[in-house]
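Labels A, B, C and D are assigned to the chains in the order they are written; within every chain, residues are numbered from 1.
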Amino acid sequence: MTGIGRVELAARIAQDIPEGSYVNLGIGAPTLVANHLPEGLEIILHTENGLLGMGRAPEPGRVDPDLINAGKQPVTALPGAAYFHHADSFGMMRGGHLDICVLGAFQVSSAGDLANWSTGAPGAIPAVGGAMDLAIGAKNVWVMTDLLTRDGSSKLVAECTYPLTGVGCVSRVYTDRAVFDVTDGGFRVRELLGDTTVAELEQLTALTLEERS
Amino acid sequence: MIDKTVSTVAEAVAGIEDGSTIMIGGFGRAGQPVELIDALIDQGASDLTVVSNNAGNGDLGLAALLARGRVRRMICSFPRQHDSWVFDGLFRAGQIELEVVPQGNLAERIRAAGAGIGAFFTPTGVGTELAAGKEERVIDGRRYVLDYPIKADVALIAAYRGDRWGNLVYRETARNFGPIMAAAATTAVAQVDHVVELGALDPESVVTPGIFVNRVVAVSPRRWVENGEFVGGVDVDGEPLEVAR
Amino acid sequence: MIDKTVSTVAEAVAGIEDGSTIMIGGFGRAGQPVELIDALIDQGASDLTVVSNNAGNGDLGLAALLARGRVRRMICSFPRQHDSWVFDGLFRAGQIELEVVPQGNLAERIRAAGAGIGAFFTPTGVGTELAAGKEERVIDGRRYVLDYPIKADVALIAAYRGDRWGNLVYRETARNFGPIMAAAATTAVAQVDHVVELGALDPESVVTPGIFVNRVVAVSPRRWVENGEFVGGVDVDGEPLEVAR
Amino acid sequence: MTGIGRVELAARIAQDIPEGSYVNLGIGAPTLVANHLPEGLEIILHTENGLLGMGRAPEPGRVDPDLINAGKQPVTALPGAAYFHHADSFGMMRGGHLDICVLGAFQVSSAGDLANWSTGAPGAIPAVGGAMDLAIGAKNVWVMTDLLTRDGSSKLVAECTYPLTGVGCVSRVYTDRAVFDVTDGGFRVRELLGDTTVAELEQLTALTLEERS
């Protein structure tokens, strides 16, 4: 079976974001979603370092060192943007005002637990940033990830073995093979991508998967 | 007449004692008070506890302070970055202590210190190893952990414009931790691009009222660029940035 | 296109249900959304819990809502004023419940609701009858009591200018509770003197980002003056105020 | 014996406020202090409804309904002023950033307890406003009051009988007869006003008073 590529996946996620949503796109692959938001629809991007109404990367020569995103990359601000300090920005997240955030993951459990900040490897320098705040803050926490790690093990698991970022926080997982909702009964297949089948997904994840009814 | 402005960065950091807790503003390079940190390096205080979101980038600013062995302990959310080689080396050599705090809890703990809150229940980090040992409570059906304020002896921050009463405005995402750190420190020191006349800042738009600020020093032009990062950026007046070195 | 503006105050308050908790901005008359309150009176919701610093002035605005018997319970810091005769009468007749909260705890509880804080320890009120029954704790040698967030179904606030994304700026001390109430309510409704084009508000000076705001309605000119109070004041554009009636 | 008048007392308090202080003047008599701040010295007045850098009352015809003080009276703003919302304003107070606040009182105890918000009279409508926040917030809490109530009883007491505003919060009391510091040993006479003597004060207050050493 084959799934879809990362850019296609970003585009697939972008389709599911309604106009008017306040959205935080996590560092890494989720940032790609920004490039696929429908033209002409207004979706307001939040970056936790203090900006709502984030725009695209600046033109060369117009980089502004004071205007960066959470990944510390140069960005722009749209008309209608607003700046605020860190306590206000994280109050916005923690207070449940963001509609959607899209995060990367090392593992997601069938209870919606997320592990995405540390592999717990000995000697690794711990660094969490805003990951835990994003995980518990948004109304809808979506994960964007490959279904499998490079060594072929499933990122969808019965229980996370990596250190947790948040407990029971993920509502949906977009992978290269399928889109899953996290329900009280575990992962439910929302949509198959590429030519994947549910049977294949169950084999790869070693999980019993619900199908969308 | 109240005049919190000082002429040099050396005056701005005078009197900082060994063993102090120092908050350093900035998120990565944006809002990092590089010139004040350089002055702190010259000033000599050591055995410091530094509270800052990151643990230094490249070899400038906070990274340079760390490289001199002047910091005993870092409290931050995200020490590990592609260009945090100075901190990485110290940490792996066991030469620096580290407390990692989720970014929003870090911000809220700093805000609590400035606002006189004794402690607060936060949902962030619940059930993770960063909440290990913290008091936990279920409120209205949701799990929270108790976090305490972080105060500082000194805050070093970077703002855009300031006046002689210490009123400050910031620029774009360089605002980040500046306002809350100024309020959480016994002595708050702000480097600004420009000192303006009293009354030149719109009272509706002042972000940090002067009550939180003790010293203001102008440092324009800032040394923003290193190793080609941000080359071609515009300065505070919209002029192209010069590469600092 | 996102457009949070509505044409009439009736649309702005549509759908408010009986039994709702309503936050009403303002400190005395300043920042009190008089036109929205009038619309709420016409809209008809009753059995309301109202959270507001005061309990109405004169016969306008919140006082008029109270006079119609539509409020079951007030949560406020300072109900008793020289011109709070409407509330006074209801209270003495046993026709309204009252929870008095120290003003700073009121503000912080509203702020906590918007910022997702589960509870916080405050030093205000410790040892007084307003802290009776509250959990108390000594932290770092100081006494604190535990206070909980106050949320609302709807916030009615008054701002100066707003845009179609719901970004708001305020005017002078009329800012007061507006920003924190907008964030603490499921539905935040702002009356503004003027709706401006998207991009007309300086992003550095936006006080309430639109994420906190659901509906914006222009009400200029405001009905500011009653019984001669504030006669001769200037309007939002610096023009002399007219006496409303 | 005779003490001094309220206006003189306001002027006396004003003398003790150093340049550069951040000061909150409570509703009522303390407001008078503003009229006696030394010309040419910069002292920054805070009003808890959201303004630092409060100026005097406006000229007639220039009253602005959006610009009021905590007593809901029209005021002005000085160059260098700043506006902020209520959570920030009370954070400023609670966080200990104000140097001085001057409050009225019904009673002050020798332990520095303050009662100034309620007489506890049956049927009174409770209303506290910012009194409790001011009482615990400023670095120095000064009380301005007559020594005696209208019926001749002392406002300086061994223990407050009225409902408390704050515990152990008052550092100094300015009365029409004398200025007192609150010390670990109780009230200490800092300065006698008018032709008052310490013996008279002890008789009027029924307290043992320390004298300034």
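In this text, a contact is a pair of C-beta atoms (placed from the backbone, for glycine too) under 8 Å apart; a residue touches a chain by one contact, two chains touch by 3 or more.
Since we're looking at a predicted model, the values are computed, not measured.
Shared contact partners of subunit A and subunit C comprise B. The chains that touch both subunit A and subunit B are C. Set side by side, C-D and B-D show the greater C-beta contact count at C-D. Each chain gets one centre point, the mean of its Cα atoms, and the points for subunit C and subunit D are 28 Å apart.
If each chain is reduced to the centroid of its CA atoms, subunit B and subunit D end up 36 Å from each other. If you average the Cα atoms of subunit B and of subunit C, the two centres end up 34 Å apart. Distance from the subunit A centre to the subunit D centre is 54 Å, each centre being the mean of its Cα atoms. Residues of subunit C in contact with two or more other chains: 108, 111, 115-117, 122-123, 170-172, 204, 207. Within subunit A, the positions touching two or more other chains are listed as 51, 77, 83-84, 87, 90-91, 93-94, 137. Because contacts link the chains in a way that matches no line, ring, star or complete pattern, their graph is best described as other. Listed by label, the pairs of touching chains are A-B, A-C, B-C, B-D, C-D.
Against subunit D, the residues of subunit B that register as touching in their complex are 1-2, 111, 113-117, 163, 165, 167, 183, 198-199, 201, 203-204, 206, 209-212.
The part of subunit C that touches subunit B in the complex is made up of residues 108, 112, 115-123, 137, 139-140, 142, 144, 148, 169-172, 202, 204-205, 207. By the touch rule above, subunit A contacts subunit B in their complex via residues 47-51, 60-69, 72, 74, 77, 83-87, 89-91, 93-94, 113, 123, 125-133, 136-137, 163-167. For subunit B in complex with subunit A, the touching residues are 27-31, 53, 77-81, 87-88, 91-92, 98, 100-108, 110-111, 122-130, 143, 170-180, 207, 224-225, 230-234, 236, 240-241. Across the interface of their complex, subunit B is touched by residues 19-20, 22, 42, 44, 46, 52-53, 77, 79-84, 87, 90-98, 137 of subunit D.
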